[in-house]
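Contents: one structure, followed by commentary.
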Amino acid sequence: MLEGYTVPLSPRGIANLATKPPWHYAGSVIGAEFWTDPAAAAATLPDGLTADPESNGHGIALFIDWQYTASRDEYLDPVRSLYHEFFVLMDARWQGTPVSWCPYIYVDNDHAMARGWIQGFPKKLGAVTQTRAFTVANAAAPLQGPGRKFAATASAAGYRLANTVITVQEPMPDTSALTARPTVNLRHFPRLAAGQQDDPAVHELVMAVFDDETIADAWAGTAELEFPQVPGEELHDLAPVRTGAGFRYELAYTVTDLRTLS
Amino acid sequence: MLEGYTVPLSPRGIANLATKPPWHYAGSVIGAEFWTDPAAAAATLPDGLTADPESNGHGIALFIDWQYTASRDEYLDPVRSLYHEFFVLMDARWQGTPVSWCPYIYVDNDHAMARGWIQGFPKKLGAVTQTRAFTVANAAAPLQGPGRKFAATASAAGYRLANTVITVQEPMPDTSALTARPTVNLRHFPRLAAGQQDDPAVHELVMAVFDDETIADAWAGTAELEFPQVPGEELHDLAPVRTGAGFRYELAYTVTDLRTLS
Amino acid sequence: MLEGYTVPLSPRGIANLATKPPWHYAGSVIGAEFWTDPAAAAATLPDGLTADPESNGHGIALFIDWQYTASRDEYLDPVRSLYHEFFVLMDARWQGTPVSWCPYIYVDNDHAMARGWIQGFPKKLGAVTQTRAFTVANAAAPLQGPGRKFAATASAAGYRLANTVITVQEPMPDTSALTARPTVNLRHFPRLAAGQQDDPAVHELVMAVFDDETIADAWAGTAELEFPQVPGEELHDLAPVRTGAGFRYELAYTVTDLRTLS
Amino acid sequence: MLEGYTVPLSPRGIANLATKPPWHYAGSVIGAEFWTDPAAAAATLPDGLTADPESNGHGIALFIDWQYTASRDEYLDPVRSLYHEFFVLMDARWQGTPVSWCPYIYVDNDHAMARGWIQGFPKKLGAVTQTRAFTVANAAAPLQGPGRKFAATASAAGYRLANTVITVQEPMPDTSALTARPTVNLRHFPRLAAGQQDDPAVHELVMAVFDDETIADAWAGTAELEFPQVPGEELHDLAPVRTGAGFRYELAYTVTDLRTLS
């Protein structure tokens, strides 16, 4: 009788990439709001989502240094539980509801990749890094404060995918806009048997459920953002034509469920 | 209309981790035959497979430097198409047929990980390295020949998982034993919705289909093999109690199909 | 006329691994005090240092997530300026003065490795990770506070070198003990010409000079620490026979100088 | 009494990054000949070298998958002894003699980086990959033969530094041109003491000595080569204005000495 939630299933249920939820997350976020070609944004949407008539082409690029734990003190196994992630969320509509859609996401950890696929996040491997804040005062350490700059970068296959620099200006008294749109993903797992390769085993639109979503230390300001052209990737088709706000905050939530839309 | 075979589905179908088959593979293999505790071997088997009454506990550890291509000259994108893999295959029976079962497999490439999951190989990320042969004569380069030694190693999460050293002694006139047992895998993809987490969306026993399987330059000899104990892994439960032959060969095949067993 | 401070010297002086000081550092530290076999500790000392008669065998293992900047806003190039480091400092004496000696140090960044060699830190590449603290409350995020646990690990060559778990208990009102001993290093750079390989070009004992050394948010508690045996390394010869305090703090300083002792 | 040749010096002399020579090397080479702006090439030369009046601006880009051993069977420790390297060699003159000068070189292994610094190769860390040849016939495996293509790439800091594709056309009956020019390097190791940072401890022009240099399986053809622009690097200042021959061969030599020029 094999144990576990994901592969590899195993006698003791320890080797699997992810145990069953609850999955707890805490992260440091650098975000940059941007607008891209509306046609390019709309082209990324799956069946079931439509372009948002009020904000099509609007999105946010997020770089997050995450720490994860389930129920076994995984946060004390930092090699497996810390990871760095970069993704974009594009405005869309599901049955009239404003939602966010994640076309591309990169992460440096196989456990996070496995959980992501199960949630419908289409994760690939990438290298993601962000400037950190410290409480000690030193030229190497930007304190959170007006005019302070923070950078973040993402690379995949030895190509630079994304660069951002944000300049924070003031604390955000109201962070509700940061989590206003639910995230819609596409769970997708193909068949390999000949004749069935166009008929995936799993292909379903889902809405993420984030329990106890908490934001702290949120500051807003301005952002620079670029998505250089990379062979074998399509992120640069969403290259910013202009940017909006830059953000920096801490984020926590727990995943125990997901809502199937279709 | 999104294009692609795996995630991420995308407007141009370029960003996905794997396009539809055919998937062509060529690799350099170092293999070490071993016997482990029969109860430990049997404990790794999924429903539908049974211990092989004639060889339960017998397996082979394989370290392969792979090169991959599909239909777009992927072998000219070596960052994405080369990878290094380590896995064990354990003897088992499926409805009386001798087969190989892959309980654990590690790879250093997300494209290979995605294809593996679709085939039912339960791939995790790892670092895998093997001694190479060269045609130039130098103390750094063991020529393929009697008494020559080759080593291979695998690590995951910063722990050493496996070490082997083989000593080749003579060419293998008949390599049919190397591919005699078909490989049986378990395709498995969980549900995340609350209440359905014990009811996976995909959970099916499959048999790999390797077209045009070719072996070249096969030499056999002896092997040393160890699976050190690693927190968070279960491979060491299959630690060798004795080893058999060591092998070194080149291997090629093409994947276009898979046979569903249940 | 080539520009730069370290290799590669180049026309524009941009490509070099390190520009001239000032070098500014800020870091998050997890530390574990330990005692090892006094003979093993003494055996690591270079000519010019002697065992500390009062505390021979006593040392501290430090895991630091660093951020670096020189004079070009390097902290906004996080791929090159962030790094993770693990090292041990052993008690010793230099001409009667209590000092710390760094026999082994591992880092994941070539810029840090180059600066380290120039300072006399004998850096090798390794993978180093530590549990992070966050301000948001979540099971994934240990808040700094009594009884909270933090882990840190180091690996090299695919082997686990060091594991620690500290449990913080209370803020440290006085952190002067953390920086009481100056660090003594050995700058060493060999010759390669035949007949001169035993006569290094640089071989000098030096004392590190840390300007504006600042510690913040220091908490102390207890520590567990292990140095597993690793082929090709000698750190495990300093394996702890017992541990003392565990620490967690932020550290900043600037390097502009170094004192040559011999 | 500390043992070893490079840092870290240690009680047993095992932990050091490199033991004393002999250093034996075997490698698979992909090379691309190119011409760049002569002024840019000349600008990379150190004092003591001058532009080659007959071929200034001419160079070769080399991508090598190396295997190393010293006297302890290091080739059986493949994690430490295998590595991947990319560098350019530019034509120059030393006292009238045609030589090659290496302005930039990237490698993925700290042992190779340490040996390189000692030889005067200004190594930085990078990720380097090349298409491999196999003896088995498969679409994934280009056999060495007329019209076959091989690619190689180098990246650093998450940016793509160099891409080449060569098309081999015929075996090279005479490979002497591949090794005709001796390689001249600059050994350089700075001082850190205030006031001495412009006065390096080591700064000497040297000529590499490669014993028993052997080339096998050499094929020549054509080459494509690009050096994309990368912040923090200067390689792209040598971007090809045209390319010449492409090469693929195996190379072996042993290092036991070096000739000091000044």
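Per-chain numbering from 1; labels A, B, C and D assigned in written order.
In the analysis below, a residue touches a chain if its C-beta (ideal position, glycine included) is under 8 Å from a C-beta of that chain, and two chains touch if they have at least 3 such contacts.
Predicted model, so just to flag it, every value in this text is computed and none were measured.
Student: If you apply the touch rule, which chains end up adjacent to both subunit A and subunit C?
Tutor: Joint contacts, listed by label: B, D.
Student: Which chain's centre, taken as the mean of its Cα atoms, is farthest from the centre of subunit B?
Tutor: For subunit B, the chain whose C-alpha mean is farthest off is C.
Student: Would you kindly tell me how far, in whole Å, the mean C-alpha position of subunit C lies from that of subunit B?
Tutor: Centre-to-centre distance between subunit B and subunit C: 39 Å.
Student: Centroid from C-alpha atoms only, then distance subunit B to subunit D, rounded to Å. What do you get?
Tutor: Centre-to-centre distance between subunit B and subunit D: 33 Å.
Student: Multi-chain contacts in subunit B: which residues touch at least two other chains?
Tutor: 77, 79, 127, 129, 153, 155, 158
Student: Which bits of subunit D are touching subunit B when the two form their complex?
Tutor: Those in contact with subunit B are residues 22, 24-28, 65, 67-69, 73, 75-79, 81-82, 127, 129-132, 134-142, 149-153, 155, 165, 212, 214-217, 250-254.
Student: Name, in rising order, each residue of subunit A that touches subunit D in their complex.
Tutor: Touch residues, subunit A against subunit D: 127, 129, 153-155, 158-160.
Student: Looking at the complex, which residues from subunit A come into contact with subunit B?
Tutor: Contact set of subunit A toward subunit B: 2, 5-12, 14-15, 17, 20-21, 40, 43-44, 46, 77, 79-80, 103-105, 109-110, 113, 117-119, 122-125, 157-158, 186-190, 192-194, 197, 201-202, 206, 231-235, 237, 255-260.
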